[in-house]
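Quick heads-up: structures coming right below.
The following pair of complexes shares a single chain, subunit A, combined with subunit B in the former and subunit C in the latter.
Up next is the complex of A and B:
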């Protein structure tokens, strides 16, 4: 078990989400940085989609009430165990009674506390993710508060981590070949033109060429962007249709919205583009107030990135099992 | 590529294929939207239902999301060749025979007017009808659930009388209550969550539309028939 000692609002239990229910209006939810969740779980020998704690507001403290293993992935927030610093992306064994603390993030915005066996809240409609909007899933359908006690799942093949832990290189560096560096301080987000792209005429080019700022009206539901408005050449009244996270819609104001993990399942605003799935985690780690630029890519390019990321996660899982096995044999 | 396919823009622009009454476009790398481009009617929706059943069986499909005369297909992985997928969707659309879903009939008791009917007056102004006429036209209608979406268990209902069509508000109500009976354009429905809402409220229904712990969490399903029964009229 773990006990939440201190937490800000909007910190929730998340897994990879609840796909398969958009057709009855249920949003997928799930981690805003699914890569951090997958890497953390793979490092611990968990199922890839085990539930973790997503931290968006700090400081955050929890106490382990039994010996287990954990890793903090995603944002680097100067984590410590009983006051001793622990490295991000480093899986460590932990004793009963030890206190894990996370401070304000130095890099990134969302941290993931992954624990051996995963957070064992009841699955609702196939997922342990918290649906804040629907008020179900996760821990009683709400965000965590001090005093909450969460059960941990059983782990089928425990890794026997060495006391010094095992670490993985931060994916931002490990995958530097497939993720473009920022341009003039702006995050480069790859996207594919969507259905109403051509309706924006010359404004469509300004969508790609300008730098957009992430407004304060941005959260797990979606990111509202600020910049020079873009408008369709003729107004359109769309019939409601299904959407996925990453869709870039343009409401009448002309300032785009990127729908994120907790987005509506349907929409009717004209859509100018869709962020490729493999780039969504980077948006999940981008702070309010920072800038981004969209770059057009093809499906083939998106598929290539997706493969590289999947390969990286497989590699983490294989290597972590191998290293722990070898260290165990040397004892 | 099939010569009969009209390509709206060059591949460097956007992959949009449009032919024989349907249009395919991508949303991100793994999702494709196919929209019927003809009338907004039951005939088109019946073909969408048939297409949904076909696309659901494809091995690469993760999820299908039928909308209002359209269908979103979410794939398990990003296809390297999206055009093949788009053409396959168009072919499936051409072959889709109209099917009718055998649904239930759901009766929803409504309090028309009253504190929740925040937009009834505006609807009267727009339509030139009295509040009594607007309400009567609404409850005399026979509606079909075309699709669910937006919020958990929310059913988009088709069959609204054109006399009481009312465009969505440009500035949404910030805190519309769950249960409000609303009109959005040529559609009607019952709000399932309390929160911002751009549709126009004319009444209130108590019926709970969604229970996440149930085996069938949503009360409505595509194909169901819905009738609104006036429990009381407070004008």
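Up next is the complex of A and C:
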């Protein structure tokens, strides 16, 4: 078990979400940085989609009430165990009674506390993710508060982690060939033109060429962008239709909205683009007020990026097991 | 009573024989200046023996940190440059990189890095010297 000692609002239990229920108005939810969740779970020998704690407000403290292993992935927030600094993305064994503390992020925005066996809350519609809007899933359908006790699941093939732990290289470093570097400080986000792209005429080109700023009206549901407005060539009246995370809608104000993990299930705004799935985690780690630029890619290019990311996660799972096994043999 | 020399092969052999005879899986003996660990595990060909003995460093004497396995030596986490390096504060004197995995190499309690003995990017093998550490002032 773990006990939450200190937390801000909006810190929740998340896994990879509950797809398949949008037709009945249930949003997918799930981690805003699924790569951090997958890598953390892989490093611990968990199932890839085991539930973790998503931290987006700080400081955060929890106490382990039994011996286990954990890793903090995602944002680098100067984590420490009993006051001793912990390497970012480093899986470590812990003893009962040890205190994990997270400070303000130095890099990124959302940290993920992954624990061996995963957070064992009841699955609702196949997922342990918290849906704050629906008030179900996760820990009683709400964000965590001090005093909450969370159970941990069993792990079928736990790793014999060395006392010094094992870390993983920064995915941005490992996947540098796959993820473009920022341009003039702006995050490069790849997207595919969507259904109503052509309705924006010349403004569509400005969507791709200009730099957008993430507004303060941004959260897990969506990121509102600020910039020179783009408008359809003629007013558009559309029936509401299905929306998924990554879809970039353009409301009448002309400033786009990127749907994120708690995306609305339907909407009537025209869609100008869809952010490729493999780039959504980078948005999940981008701070409000940051600038970004969209770059047009094809479905084939998006699939190539997904393949490279999946390969990296597989490599983490395979190599971490191999390293722990080798260290055991050398003892 | 005279003190055992735990590095004496004859004593280790006798202790091992006694453990086997008694059906005990292992023993760990620690003296102020020596320690010995003997583990026995059953196998088809009899008992496999695993031993570790050593003498702690005398006060102030540098100790060599050796590679626990093969890998590429990194003096710090070179993949993260956007935040302060916490290696020193966490007692880490370097890493072995194996694919996407970084294995921290730790100085040990109350010790600090004196100097690295391996070059950044070098492929090291099991037991290769990595760093010299010394007691904290």
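Convention: the second predicted complex is superposed on the first by the 331 of 331 C-alpha atoms of A that agree within 3 Å, B and C clash if a C-alpha of one lies under 4 Å from a C-alpha of the other, contacts with A are read in each partner's own complex, and residues count from 1 in each chain.
The definition used in the following text is that a residue touches a chain if its C-beta (ideal position, glycine included) is under 8 Å from a C-beta of that chain, and two chains touch if they have at least 3 such contacts.
On a predicted model such as this, the values are computed, not experimentally measured, just so you know.
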Counting only touches as set out at the top, which of subunit B and subunit C does A:241 meet: first, second, both, neither? first
Could you look at A:186 and tell me whether it touches subunit B, subunit C, both or neither (first, second, both, neither)? neither
So, A:303: does it touch subunit B (first), subunit C (second), both, or neither? first
Given the superposition on chain A, which partner contacts more residues in subunit A: subunit B or subunit C? B
Name the contact category of A:85: first (subunit B only), second (subunit C only), both, or neither. second
Looking at the overlay, does A:252 come into contact with subunit B only (first), subunit C only (second), both, or neither? first
Using the superposition on A, tell me which residues of subunit A are in contact with subunit B and, in the other complex, with subunit C. none
Subunit C touches which residues of subunit A in the complex? 76, 78, 84-88, 90, 106-107, 162, 164-170, 172-174, 312, 315-316, 319-320, 322-323, 326-327, 330-331
Residue numbers of subunit C touching subunit A in their complex, please. 50, 68-69, 77-80, 82-84, 86-87, 89-90, 92, 95, 97-106, 126
For subunit B, which residues count as touching subunit A in their complex? 8-9, 11-16, 23, 25-31, 33, 35, 40, 62-72, 74, 77-82, 147-154, 156, 167-168, 170, 185, 187, 192-193, 195, 210, 212-213, 217-218
Subunit A residues touching subunit B in their complex are 19-27, 124-125, 131, 133-134, 136-137, 191-195, 197-198, 237, 239-244, 246-247, 252, 264-266, 268, 271, 274-278, 296, 298-300, 302-303, 306
